[in-house]
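Both of the next two complexes hold chain A, though its partner changes from chain B to chain C.
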Partner chain A sequence: MAGSIPASVGSERPRRRVAVIAAWLLVALCALAFAAPLLTPHAPDTIDLANATSVPAMQGSHAWGTDRLGRDVFARTMQGLRVSLLMGLAAALASVAIGTSWGAIAGYAGGRAGAAMMRIVDVLYALPYVFLVIILATVFERGNVLVLLIAIASVGWLTTARIVRGQTLALRQREFVEAARAMGVPTWRILVRHVLPNVAGPVIAYATLTVPQMILYESFLSFLGLGVQEPLASLGSLVSEGARDMEVAPWLLVAPATCLAAVTLLLNLVGDGLRDAFDPRTPS
Partner chain B sequence: MTAVTQGATPLVAVEGLAVRYRGSPEVLREIRFSVAAGDTVGICGESGSGKSTLLRALLGLVPIARGTVRWHGRELAGFRAADWSRLRRCAQLVFQDPFASLDPRMRIAAILAEPLDVHRSDLDRPARQARVAAQLTRVGLDANVLTRFPHELSGGQCQRVGIARAMILEPEVLVCDEPVSALDVSIQAQIIGLLATLQREAGTTLILVSHNLAVVRRLCRRVIVMQGGRIVEEGEAKDVLSAPRHAYTRQLLASIPEVPRSPPVAQGS
Partner chain C sequence: MMRYALRRIIGLVPTLWLLVTAAFFVIRLAPGGPFDEERTILPEVRANLEAAYGLDAPLATQYARYMAALVRGDLGPSFRHKDTTVNELIGHGLPISAALGAAALALALLVGVPLGLYVAVHRGGGVDHGASVFTASAIALPAFVLGPVLALLFGLRLRWLPAAGWDAGALRYAVLPVVTLATPVLAYVMRLTRAGLLEVLGLDYIRAARARGLGPRRVILVHALKPALLPLVSWLGPAVAFVLTGSLVVETVFGIPGAGRFLVEGALNRDYTLVMGMIVVYGIITLLCNLGADLAYGWLDPRIRRQ
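Let's turn to the complex of A and B:
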């Protein structure tokens, strides 16, 4: 079939454009979340029973309505978005840092030590995530943000460790790493100067995909009531609250659920775009 | 290191060396030879004869199954951290694939400075930069390559970078693994010329692996011929290559049609 254009070629450019648009929308959403206190006169935790469960309206000061305690839904949703974004980002950073170090050391050490390190990853993979988190949440203070972060990150790093180990195993065979060894470059320096920069591409792309995953983990925990506690809200806890009042006040569910869907979708689109950009096999 | 026990201790001496990779038969068997300081030795043989493994065993980069490798009379098996550091400093390796041997994410300046960063922390930054610049001139590269990445250079330029990196510590011995076989024929002659000049100027010991007998004849005084993990013939290059005694050497010579008669000039221009 000489001269025929592979079907994938035509689809690459729109895909990249989608990722770029998603990145800009994400920036806009983050800006909205962090600028929200300036945009509304209501604090997210001000209780105003006189205006409880008011319907969203363009007139009046509660554009997205209020919940059953009269708290402004816009202010609360934006606060939830901030908490979810920060939690997701922090958990993703922690899991990427742990996973990258673990995977690089396991891959470069190889042999029994490397295999033992990866068996630990396998065991943690096999543990049911919810079970692990419930134990952590019961043993420690419920709703403690730090415990929550540790719980989320403790499952998040596993995939990164596997990816980095695979990449490192391949890199270890490359001549420039052998050149460094033959030159007497210390092992830690080979890892930092030669291995890590060469795995950075896939890791950055995967990290972007980790953020929405972490946001979903956190939301899931908050939905179960194991996450952030009142009066602090995350998108997950807001969805959980909204689901309770779905019949009488659907806007309490619609606002946080839409935000959650939007932010995870946008992050996934950006992550996919980055992964394609770093993958040398993707035609450019 | 320089202790003279009986006569001159050879720079490197190999005795009864055997190497095997996991789950495979021995790649090297009963290897025995020595290299005197300042000598130039070529190791020939077809691919799979164990040449490259021998180089790596010499430098302690692959585990030794049996036998000994001695540097300055000291056995590799008994090396301490300080001995390793000295070996890694005084023996430098040039690789076959000029692109693969340079880190794709590092600029040429960082690649050339790395041996100095590791072994010459006594030099300050300007002194190291001066050495990098001087080395670049020695291998015939322009200063503007310093800010480039390996993929922005040609194969010949990359190999010059590889040679500069190997020579920057002024090593006692330069170990080359097929240094020109990945290059264009016209570039091969330039790189061989460069290696010959550098070796002559610095008096560096040269251990070179090549399946190309013309390269060995041009650069080496002695030649070792390997087949199936053993040494089958050894001697002065001019004798072995003009009057081979072993059938395999004759076969090897005959299989390369363009081995020039004398004067030995590398193929290409």
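Let's turn to the complex of A and C:
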């Protein structure tokens, strides 16, 4: 605890460089995931029992080895990465859309109605998200991708709603909004033309942070067996398979675990960088 | 203060009622029942089974029965664990889950707060950069990745610790699960403590204290510490929810006989009463912990207390 007390928080340049590098690595990883079918002759679901659980080898045709059924680990991991990325992106888009409209309406309406809307957000916020997701998984058929998307998106919109409401409350008092109201512009038009463009910055930054969160929710469910079902794979279900066989074939765990960690870490770094750019005051 | 706390606890009842009611109807309205997967079941047997569990009554009656039993603290019989009540199942598992969660939370706070203060004071140094790499990675690594990797590394490769099992909470068995559960929490605690202290250190009253000639140690520990920890305290409520969620995974990964696995198992088997029971119990725990964090916040921050 010795030493002097640092001065107040200033701008942090290295963080921006980290975010830019992370963005490029992320682009490279996505390109790899989507180009993977061109890079390997193996389909992710071709069963080849003659070559089951073969060890990763640079020279062989299975560079990342094969699983218990002889499926190529590289092809399967890349398929899992594609599924996780697409699910994360779709769920993040849905939850940002819900959160933005909910927050903008609650903030602009204000008063009792706005407070009641935010009270709902508070209650949902306080409960572990697995409740909702597990209830939905209990109710609906397992493996239905749409239900899975709805389940994870329905817990992802809460923070966006809070952020947008805060911004809208401030915007409502601004002169240009008041002027629009005085000119008789209908409420929905004020929201769309004047409020939403002004909250776009923080929303985009937070949306980038929502994607890894959605990927983790989806993987969490798939890990527990409540998400994506065979033969389709996501990173979560691959980690779960890998954990089951890690005693004999640790590479089955290492490949999807590394991909999942890399993709969430990179997305978090990019999102943090964007948030700093749009809102330098938020400490992280 | 006591009356205020009591009023807040009573205020939780409607929230809990809403949660239980919503969960009850959503689950019951679902297609399919708990006995769908029983092989070759005669219609008469199924009718008897449903009658035995009260599933043949109208939904409103079932709801009334469930709520009446719930008020007495009875969560009903499990559909899948024969001759076992949900109370027994959860009563068996909950102490284990609670011990696991409490140990992880304690570890995260005892290590995270001092580390967070240290990196805030030595901001921009090597330790600070190392710590920010650690926090970013720890937050990106979910428990279901970290757990199996730790088990593989320390359990199966190095053979330092058992890779799975619980053995009544013996220390050797508890290390890996607790570390897995604590790591992301530790990362958040560090971040919040660091940011909190940096924020406070920029305020005028700290500069005034420095100007009066007080040493850095005294300024930080006596003047800055309490307000610096406020964001952390308000995060502790959600942190409990985070730990509960994590414990589902950790219990699955390490084969720990806690209560968390019942939530997943109940969902997989459509064991309605078990899922409902878990939602009630974990719902009460989270709501109480959120309330506790709120009250602690008010106690620490005199500006709120006066309102």
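Basically, the second predicted complex is superposed on the first by the 267 of 284 C-alpha atoms of A that agree within 3 Å, B and C clash if a C-alpha of one lies under 4 Å from a C-alpha of the other, contacts with A are read in each partner's own complex, and residues count from 1 in each chain.
Just so we're on the same page, contacts are C-beta pairs under 8 Å (C-beta built on N, C-alpha and C of every residue); 3 or more make two chains touch, one makes a residue touch a chain.
Keep in mind that this is a model prediction, so the values were computed, not measured.
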Contacts for A:194 in the overlay, against chain B (first) and chain C (second): which applies, first, second, both or neither? first
Would you mind checking which one, chain B or chain C, touches more residues on chain A? C
Who does A:186 touch here: chain B (first), chain C (second), both, or neither? first
One more residue to check, A:242. First (chain B), second (chain C), both or neither? second
With the two structures laid over each other on chain A, which partner does A:131 touch: chain B (first), chain C (second), both, or neither? second
Pick one for A:220: touches chain B only (first), chain C only (second), both, or neither. second
Contacts of A:170 with chain B and chain C, given as first, second, both or neither: neither
Which chain A residues come up in both lists, the one for chain B and the one for chain C? none
What part of chain C is in contact with chain A in the complex they form? 15, 18-19, 23, 26-27, 29-30, 117-118, 120-124, 136-137, 139-142, 144-145, 147-149, 151-152, 156, 191, 195, 198-199, 201-202, 206, 210, 216-217, 219-221, 237-238, 241-242, 244-245, 248-249, 252-253, 263-264, 266-268, 270, 272, 275, 279, 282-283, 286-287, 290
So, in the complex, the side of chain B touching chain A is made of residues 59, 61, 84-85, 87-89, 92-93, 95-97, 100-106, 114-115, 118-119, 162, 165
Write out the stretch or stretches of chain A touching chain C in their complex. 1-9, 123, 125-131, 134-140, 212, 216, 219-220, 223-226, 236, 239-240, 242-243, 246-247, 250, 253-254, 257, 260-261, 264-265, 268-269, 272, 283-284
Sites on chain A touched by chain B in the complex: 174-176, 178-186, 189, 193-194, 197-198, 200
